[in-house]
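In the two complexes below, chain A is the common chain; its partner is chain B in one and chain C in the other.
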Partner chain A sequence: MHHVNLTAAADAKFQERLAKASGQDVKQCYQCGKCTAGCPIAYAMDEPPNRIMRMLQLGLKDEVLDSKAIWLCSTCATCTTRCPKNIDVAGVMDSLRVMAKQEGRTRALRSIDLFNDIFLGSVRKYGRVHEFGVGMGHNLRMGKLLKDVDIGTGLMTKGRMKLFPSKIKGQGEIARIFNEVYKLEEAE
Partner chain B sequence: MPRIGVFVCWCGSNIGGVIDCPKLATDAVNLPGVVYSTEYKYMCSEPGQNSIIQAIRDHRLDRVVVASCSPRLHEETFRKTLARAGLNPYLLEMANIREHCTWVHNKEPEKAQAKSLALVSRAVAKANLLEPLFPSSIPMTKRCLVIGGGIAGIQTALDVADAGHEVILVEREPTIGGNMVKLDKTFPTLDCSACISTPKMVAVSTHPNITLYTYSEVAGVDGYIGNFEVTIRCKVSYVDHTKCTGCGDCQAKCPTKVSNEFNLGLDTRKAIYIPFPQAVPNKPVIDAANCRYFTTGKCKICQKICAAGAIDYEQQETIITEKVGAIVVATGYQLFDWAAAYGEYGYGRFPDVVTGMHFERLVNAAGPTGGKILRPSDQTEPKTVVFVKCVGSRDPAKGKEYCSRACCMYTAKHAHQVLEKVPGAKVYIFYIDVRTPGKAYEEFYQRTISDGAVYVRGRVSKIYQLGDKLVVRGSDTLLGRPVEVEADMVVLASAMVSSGGIEDVARMVSVQVDKDGWLQEAHPKLRPVETHTGGVFLAGTCQGPKDIPDTVAQASAAASKVSGLLFREELATDPMISTVNQAICTGCGLCVPVCPYQAVELKTITERIPGHAPRERTVASVNSGLCQGCGACNVACRPGAIQVKGFSNDELVAEVDAICL
Partner chain C sequence: MRYAYYPGCSLHATAREYDQSTREVCGALGIELVEIPDWGCCGATSAHSTSHLLSVALPARNLALAGSMGLDITVPCAACYQRLRYAQIELEQNEAVREKVARVTGTAYDSKVDVKSLLEVVVGLAPETLKSKIVRPLDALKAVCYYGCLLVRPPRVTGFDDPEDPQIMDNLLRTCGAGVLDWGYKTECCGASMGISNEEVTLKLVRDILRVAEKAGADCLVTACPLCQNNLDSRQTHVNRAFGASFEIPVLYFTQLIGLALGIEPGRLGFNSHFVPTDKILKLIT
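Take a look at the complex of A and B:
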């Protein structure tokens, strides 16, 4: 394991951007580990939440943005609720995903990034999620056509999942919300 | 025949939950000399004590055995009970059936029952032989000696002097002030160390009740509590301080420059010097080892320049004796010699690897750089500074096992100062744990983090020079990866160790030195400033590492103990001390060297035997002021002439017989 050169690896600009985007001061983290202890996803993460926080304190941008952990985070906010220093850890994770997405660094967990895209696409198009379309779209793009077909069949026969999408009223408002967000992103 | 009463205590369930106390009381009645026996839930309580008093009166008891906890806890309590009942308090014997029995044998109650009875039998056997004892009194000299003129000694001296007692303050350096005057700012409030300590130094020098001996050392201590005789050796300064006006001309003209120990060698001073501008006394001394006149026989520039005619190359060492009633040791600390122990940090070869004390001088406006943080090698401002904590502390392999207590906070302060004074500076602090138990300490540490100091949890394993950088290799155990930092300067928080010469001071005042080289207090919690030698007290870091607030608190505590002592006209002495039966003492003198308190000496007595001419004979004699009743002399005495009152040979043999026969 090679030595991490703290003087060279620390990315001060990244730390500043994150502080601005999340509104959180990660320096304040005690490294007590309470976030990790309560995280329902930590078992599946490559780096547990407290170590993500530690990497952020040291400014290790690449390690954090290329981690799977930031994509696995379900934003349940147990960490945020329990943090003794009132750090919004889930909010930090959210900001990290945005930054990773902006930089196109989504290879760590492509399926989740893809799901996010398809999900939002469905909302934009219909004003609500068309589950069948999202599922099929994800399966097609991931090349796993028959994934979760058994569950899908059950849901459809019980009438819990519709074959065809339905649109909501107020399509115009949905479009405006999306346009506003795009404008904000461009302004950044 | 004595009339002994046995009182068995349940101590709630501590004793009563393991053994059958009523049965123990019943069994005890059959022991020789016992006329009454009873038990009670809490014998030490008010009703418990009253029942003892009542029984003494009702049953005309003249000896009391209490079977309960350790005598360390309640012997005094029950002695007072006896006194209230009109009995001599030393006619009490305790059987420890709690710590020595039920606590350790709580899984085997039957065996505990038998052992309890054995312990009570022992106590009863001894009680049969107990004699009434009476404390005597010794006079009190109402003066105090304080050894060491750092902040602890200064505070003690001022408090005792303010209480109205005379104080003799002895300091071996040319000025008082100790380590504290070298510091820049003090955590957590960041007040300037000199601004808060130099007024106290002046107060010492001007206080009518304080006699100050600087550049002097305590050479010997004789006597005992209330009546010490102290020998003080005043070193030769070659400057007559009664004539010297402290103008400083000699210092300015002296041609010899030598490394300045006050600034830890970061700059130079002259051979005739005042350690620092606010020194007390503000008068110079000549460092004869480096003085041109003393080394070559030529120069005398200082003598020529001195308008007051104060320079005296013929000056001789003087010896002074002072009588005092109490002694406070406040000899302070020095920093661990890290360079000798830590090869991995460069053995002191890299000029920019310095200690926290060097940093204090570098950041101090009165220091060699005028308060600019400049690294020693090239006098440039370091942009990346690494602090390494626990260098010599918490390292049983290379240094000391203990925590030096002040380093976490002063390192946080140093980090704060770097970030404040050096624009764009980066600070990394390698630590094992961060310990901030003090008022507003944790807040200060958090503030340093907010300032931007990066704390890295891990010990530095190596420091090496690479170009003009120092590469610091450590591990971030929270990250789980080895890390390195390219630093411009490294500051080591080296351990506090006791001052050089502490063993000599300890021997003179008969105080134990603990395994780490600190002076041993009488009890870590309940007698923190007292020692096992009566009249000798401890203040400050000579007792163990501590920061300034704790040092000052302990110094005031020692002062209040001293004042309380000096307010007395005379002292009652513990009667449980050695006594010599001169009739059978052979005068062999074996007891003299074994006494750790120098309490036994030989004296000549004149014996008159009817029909013979008076005959002179040498016998041992115990100084009741010095004797602490340890019993070492008793063991050494072959004819059994010297014995400890309350622990006579007959009593001890009776106890052993009661248990073993």
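Take a look at the complex of A and C:
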């Protein structure tokens, strides 16, 4: 296990922003560890959820926002469901990803951030997600051209692959939602 | 009984058989589905991982479309269901979000529609409605029901069944005569879209789920989510390769099994489109 510098000055602004964005009071956490015990992905995380919660209490912004854990979280919400202090831990993870993204700190696990970008790009362009395009786009950008070729071929022969995207009539409305959301968030 | 039907993106492509079997079963049970015209994507995990406002605004458009139809919504996909339901609650309870959504969508949200998972709708039928129509009971079948994450969590959003040990799919299949087995992995996570972005994690989670299902003695896994179905079915060969395992467990949608019990032809329920062959399931039933 690696070490975390606990004497780094607490970033109070970061704590405030997180509280506002997530609507959660992380100070309520008393380290029972239930979130980590139930987390299906804790085994692969650099900092398991209960440690993230403790680091948030200590205001360790860099350590948290640069962790892989916040990207590995699948938002299954087992932690939220089981927290005896009713903290929406998965909601906190969402807010942390949003903050990390806003600050351009997405290098800890680029593949997941990239997936989100490609997925939302597809929705913005067509109004619905074009699964084949998203899978192909991700493979291309990650330089793994042959990943899941067997699954892709299987889906195609079973008639479960839409090769070409189709635009919905309200695509303009969807694109507008994206534009307005990003404009509003930037202003804030 | 009429519902505004929100299939979601997967049901028009990789989960076509879920759409097919949903329409067949609802038709047979007298549940009328009217597809929401020009519905858009719910934004899924990628939206709520990057912007809370976007994750409510995208579903809000769909809720408004259903509102103008005057119908409650039913959603087969667990992920879409949870996102639409979350947006419904946020829009009802959070005035600041409601106001912002009105600004970004250009329309004030005053929809009163309710969002229900397809599973809830089918379970909500009078028990005789389903029972009286069963012509091919699933007596010989041993199944485990896999609910995954988003149908049951977080309970503040979904809340129609026990989040740790849900029962409604179990009971539904029991009504169809199936031997439904108890097991401990009903609500474990399959890794969802990490199948694409981080496959090692998904393979480990899928391996664990398949192992417990096999130990329970299941002939098949039954799901209500296109992402779960895809990960568990199409990635089984990847799991076998990665872990030196030899799983061959069919993964079906609950609508496909109900459809069989109702006497609907397997072809019309999409039984020819699985990765793990389903012949042994069909042999057990017919």
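The rule is short, and it goes like this: the second predicted complex is superposed on the first by the 180 of 188 C-alpha atoms of A that agree within 3 Å, B and C clash if a C-alpha of one lies under 4 Å from a C-alpha of the other, contacts with A are read in each partner's own complex, and residues count from 1 in each chain.
In this section, contacts are C-beta pairs under 8 Å (C-beta built on N, C-alpha and C of every residue); 3 or more make two chains touch, one makes a residue touch a chain.
In this text the structure is predicted, and so the values were computed from the model without any measurement.
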| item | value |
| --- | --- |
| Partner chain in contact with A:M156 - chain B first, chain C second, else both or neither | neither |
| Touching partner for A:V4 - first (chain B), second (chain C), both, neither | first |
| Greater residue coverage of chain A in the superposed arrangement, chain B or chain C | C |
| First (chain B), second (chain C), both or neither touched by A:I168 | second |
| Which of chain B and chain C A:G135 touches, first, second, both or neither | second |
| Touching partner for A:R54 - first (chain B), second (chain C), both, neither | first |
| Contacts of A:A19 with chain B and chain C, given as first, second, both or neither | neither |
| Which of chain B and chain C A:L109 touches, first, second, both or neither | second |
| Common interface positions of chain A, toward chain B and toward chain C | none |
| Footprint of chain B on chain A - complex, ascending | 1-8, 10, 25, 27-28, 31, 50-51, 54-55, 57-58, 60 |
| Chain B - residues contacting chain A, complex | 384, 426, 428, 446, 449-450, 452, 454, 456-457, 473, 476, 478-487 |
| Chain A residues touching chain C - in the complex, by the definition given at the top | 21, 40-41, 43-44, 72, 74-78, 80-81, 88, 90, 94-95, 97-98, 101, 109, 111-112, 114-116, 119-120, 123, 127-132, 134-135, 138, 147-148, 150-151, 154-155, 158-162, 168-170, 173-174, 176-178, 180-182, 184-185 |
| Parts of chain C lying in touch with chain A, wherever the complex brings them together | 9-10, 12-17, 38-41, 43-54, 57-58, 61, 100, 103-106, 149-150, 153-155, 163-164, 187-189, 191-194, 196-201, 204-205, 234-235, 237, 272-275 |
